[in-house]
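Notes follow once the structure below has been shown.
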Amino acid sequence: MNLADMSWTTVKEAVCKDPNPRIIIPVGSVEQHGPHLPLSTDTIIAEHIATRVASQVPCILFPTLSISYSLEHADFPGTVSFTLQTFSSIIAEIADNLLNSGFKTLIVINGHGGNRAILDSSITSIKHAHPDLELYSFTILDIARKRFREIRKSTRTMIGHADELETSMMLAILPGVVQMSKAVTEEPTFPPSISLESEDLVNVTYGWKTKDVTKSGVIGNPNFATPETGRLLLDYVVQTISSIIGT
Amino acid sequence: MNLADMSWTTVKEAVCKDPNPRIIIPVGSVEQHGPHLPLSTDTIIAEHIATRVASQVPCILFPTLSISYSLEHADFPGTVSFTLQTFSSIIAEIADNLLNSGFKTLIVINGHGGNRAILDSSITSIKHAHPDLELYSFTILDIARKRFREIRKSTRTMIGHADELETSMMLAILPGVVQMSKAVTEEPTFPPSISLESEDLVNVTYGWKTKDVTKSGVIGNPNFATPETGRLLLDYVVQTISSIIGT
Amino acid sequence: MNLADMSWTTVKEAVCKDPNPRIIIPVGSVEQHGPHLPLSTDTIIAEHIATRVASQVPCILFPTLSISYSLEHADFPGTVSFTLQTFSSIIAEIADNLLNSGFKTLIVINGHGGNRAILDSSITSIKHAHPDLELYSFTILDIARKRFREIRKSTRTMIGHADELETSMMLAILPGVVQMSKAVTEEPTFPPSISLESEDLVNVTYGWKTKDVTKSGVIGNPNFATPETGRLLLDYVVQTISSIIGT
Amino acid sequence: MNLADMSWTTVKEAVCKDPNPRIIIPVGSVEQHGPHLPLSTDTIIAEHIATRVASQVPCILFPTLSISYSLEHADFPGTVSFTLQTFSSIIAEIADNLLNSGFKTLIVINGHGGNRAILDSSITSIKHAHPDLELYSFTILDIARKRFREIRKSTRTMIGHADELETSMMLAILPGVVQMSKAVTEEPTFPPSISLESEDLVNVTYGWKTKDVTKSGVIGNPNFATPETGRLLLDYVVQTISSIIGT
Amino acid sequence: MNLADMSWTTVKEAVCKDPNPRIIIPVGSVEQHGPHLPLSTDTIIAEHIATRVASQVPCILFPTLSISYSLEHADFPGTVSFTLQTFSSIIAEIADNLLNSGFKTLIVINGHGGNRAILDSSITSIKHAHPDLELYSFTILDIARKRFREIRKSTRTMIGHADELETSMMLAILPGVVQMSKAVTEEPTFPPSISLESEDLVNVTYGWKTKDVTKSGVIGNPNFATPETGRLLLDYVVQTISSIIGT
Amino acid sequence: MNLADMSWTTVKEAVCKDPNPRIIIPVGSVEQHGPHLPLSTDTIIAEHIATRVASQVPCILFPTLSISYSLEHADFPGTVSFTLQTFSSIIAEIADNLLNSGFKTLIVINGHGGNRAILDSSITSIKHAHPDLELYSFTILDIARKRFREIRKSTRTMIGHADELETSMMLAILPGVVQMSKAVTEEPTFPPSISLESEDLVNVTYGWKTKDVTKSGVIGNPNFATPETGRLLLDYVVQTISSIIGT
């Protein structure tokens, strides 16, 4: 059930009769995803996952936050990003309002990898301000990556942007918006001492701008993408989230 | 054309070949609209108008801002509002980004009357910061009201919320989400010296909270609403905006 | 009675014995008003109106806020304007303090048209923070304009700045500071599709800087100004405000 | 010459023809000054001093900031104080604007002792942001105190508020607003180890609220005040400031 | 070489003669670490690692930030934490200053796991503001955990606080401050669906406060700690960081 | 006893058994002190004084704030300064946390003269927010100056930076870090009307940047410095602070 479609009286009833009213907040982005994917790629994926989770688990669905924290892509036309201060205020104020409306559990489902850090640190603040609120944040890419390693065709696990992983998901959800004929592959070199394979990326956060490491905005090989890979990844993510937040 | 559907390369091309690239930013709200209308009423109306304007006038369409400045309704469950500081930062930062992307004209189409003041004062700031940016802000209700006075069935021109005017528009756009059986009429009394007829409301801004003046959240009489009234109002608003921003 | 002239003990007594202690906050500006009017034009007009209202209605008078939100005039030497964030904090903090002092009603009388939006949106915030506070905001020009249309000599109702309307008021209040010999007339063209007549300005907010539309800072024809026009306008504004806030 | 009385063209001329255009910013307060002095005591004194300095030294006079940073008096009705963040933004933004108008030297003449610290730290920021701006800040009480020690009747040099010093100045400037019949004397004890004599107050800043140390809001003995003392102090302050800023 | 020990002339020389002057910023915390470890545990570990890295790799060492972002521990006396807004400003302003001083690479070595998210999101902002600055952030616990899994005695890989991992490091660095007799073991249960084993913690961020899941502040089993384990972990972390930032 | 060395349980016990638990917060800086003194000069002096005071008076010692408000020195490499807004938030948030931990008295011991104003104005805010908290702030240089005037070799009492006074203290505390061979003397001229002798500096705050008045960063004559002078000054400061805060 979408919050947007409900009246205030319906929200009130729903919140009153449920001992643990939960709400899912999908977070997308307006951010370059190479020449072959739309700026709303993260929004489309986050809404797809959130809608499926909400159909399995009794939750209300909040309107997707379509703009988030994408400063690393700011050099590419069409990208729109809030500052750290504004985006963290956005998250905190939404939580304040939803708590006032009677919700007891907030579940963020985030489609943009670059948002994870700011969402995580915001959750610490919100939990501090509202100790009784239950808070979950899921970043789709971080969940998908485990399954991706098992099924990918790409020869390396990249940090990845508009790559086999994201493109596959998009081919599975909304193939009409993917322009595979424009898909290019870029495998940027980071400082030679940083492997883009996952272990180093656990060990270090390196400041980078997409423009400095790619020309197209793509990091990875979208040409390996298939709808089948996308479906396997999406199913895995939906299953993982649903199983953690329970029923 | 929706910005969200474009890739960054398409945005770049569109912006480069157009001497005056324009973008429309629809602004909705998540805000109570009585028991018979959804929380997203303003969003639905703003997107409807913006889409029609963008089909008549060469403009790109930005993703709708679905949460805005609705503190007066904050006592009703489901309402979500940013603070003044955060919402004005949101507008300012979006403008910064769109300017960086190459847009030269920003056109806000706002579905929530309570946003007009904060949008107007934000525009002053943005124009000061970016003198070359051309900026328009339209508030749908303020435009519709003139036509409404000619065709309404309601016996008084109220400040209005979820009333004949808004309900008619919703019946014209998306009748399936309007629950007329739940529509109630409330005609609140403001301090006796303030007439809710328009002249006094030009003369004074009076601080009020919906909860203090209504029980249902409705200000006005939605039972007079008809799809015909809605269509006339929507046509008038689309026509007015298109004619001001030109072609 | 001016708050500034009272001691804290007198304020305490006044507030205690009055079931609804009210305070008027005049808001002026330090802002260009063409070559013939002083920078404090809005301050002089706001103080004049506020003093007369306070003599008719039992209210305490707060010291005039002499600097406000005038970014559209910032290119003209002598103009001083706060940012949106600072001016809205100023208003909110004054309200907090006056509430703590025991005042129950705040009445803003605003001399600068460009302040209306930021005052209106601030009032929404203050009412949200302090639901028991009664709040009114009057913008002198918006009230005067109705009467002005009936008596003006100018051939068009302009958005107006340092024009027949403002100059007439100044001639009525403090003729010694008006230098009519320097008064120039400018009737700027806005984007051709925007009529400066009132209906379009209800329909759209257009971002503009005075410097881009005038050379002198004047928008309108101050040479039509007379003290008689000024007196009629001032009387009308005082009467309108007094009648709305009651006795 | 008051900036408020000038038109923008006059300001432009004045600033252009003067190699070092200077502007004086008087800072007052809306703050309790015991039962016998008005809330605007600091404003009256600051304006008096500033006006006399501006008559001796070629300077333009800015409108007095009538509200400042008076949190220590916030428990007394009528006191109005900005927060630290807002008042420092006010100062910084005024400086930005005056620099843009062409002024090269800013001279703050401050009537409220409690403002000195926030003004001093703001000046460090402003100088950092605008290295070419020349900045002076004078706090009237700090200057007057030296002369006061030579001529006072009070038996101790107190931290002082609404005391012999301030009351004398007010008797000299505007005796009509001083209600000597209501003047009470309070000589609060601070923590026993802190002498209110000057040396300890150089050595330590102790956090205090007026309400915790006095009942009347007075710290000191206003009954010793005379217009003669006031005149001597005022002359001394005017002379000191004029001599430091030169001619 | 510690920045604190250098004069400005030495800094200038060092920065000028080095084509890539690098600076390490250790980040600690003032935060509960159970009854057996000091509040400065993270500071001690971060300084130890940073000092050893700086002895292997030509870098200057910045003074340790001893207070950071520890809101999850705020219920335990002695914990001191900045808000999200303040701590992110601290990081951003230090970066601005170090860039002005001529540094080209900033390397954060962070001792508090809870800081990783806010540091990561800050780095995105700083890189956006200063594209030429090279930025690395290392969180010691995240690096140590991999090695820890190979050598730990604890029967589960917990999220961990003041546990075998941290206590071992402290026994290796500064055994005199560890009070093993006070070490207690707590193995909190999180919502049953969240395994504290690493995979789930990659998949979800769950909002928690230490006080809600433990009584002592310990999460894990510090009684398994040994100096040998600590040395192996510290060596591994120093080696990993040094190898990534190179020589 | 250092807070950093305590566990949370020890803090809890200490705070519970003491009717007036006090904590000393030393404030240093990272700021140029000429070619002969380290950037941490203020930190070293503040920690020395604070440690000695804490050994005489029962107090807990907070970790030194090693970065503060040093914008006037920002042109010299190695200087790191927070903005006014950030540093005042730092102080306010630390106070909030220490109050939550149970401390009732906060004692700031500040080693950088330029911090006094921002600390003083912050204390007003903190006292306003937390009326029951007892707050002291000591600025070492301001205390030392009185004794310095009696024993100095320098021929004038300058505003002073890295001068005989500070260099003497450093020779007494940590002679190994003082490079007397690099000590240079600069006696800058301020605007001719401002004597750097103390009376004028009481009378006026003048905005200055070190770079504009010196080449070396030194204001004064460090070559007169001796460890004996340093010891006398340090003893005097420790004695003065201890006697004010009592036992």
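Going by the order they are written in, the chains are A, B, C, D, E and F; count residues from 1 in each one.
We take it that a contact is a pair of C-beta atoms (placed from the backbone, for glycine too) under 8 Å apart; a residue touches a chain by one contact, two chains touch by 3 or more.
This structure is a prediction, so every number in the text was calculated from the model and none was measured.
For the pair chain A and chain F, chains touching both partners: E. Looking at chain A and chain C, the chains in contact with each of them are B. Ranked by how far their CA centres sit from the centre of chain D, the chains are topped by A. Relative to chain E, the most remote chain by averaged C-alpha coordinates is C. Chain geometry summary: the mean Cα position of chain B and that of chain C are 27 Å apart. Rounded to whole angstrom units, the spacing between the C-alpha centres of chain B and chain D is 48.
A separation of 55 Å divides the Cα centre of chain C from that of chain E. Those residues of chain D in touch with two or more other chains are numbered 74, 83, 85. Chain contact topology: the protein chains form a single closed ring, every chain touching exactly two others. Beginning with chain E and continuing to chain F, the ring of touching chains reads E, F, D, C, B, A.
Residue ranges on chain C touching chain D, taken from their complex, read 3-9, 11-12, 15, 30, 32-40, 43, 62-64, 66-67, 74, 76-83, 85-86, 89-90, 93-94, 97-98, 100-102, 177, 179, 182, 217.
Interface residues of chain C, counted against chain B in their complex, comprise 69, 71-72, 74, 83-85, 88, 114, 116-128, 131, 133-139, 142-143, 146, 191-194, 199-200, 202-209, 212, 240-241, 243-246.
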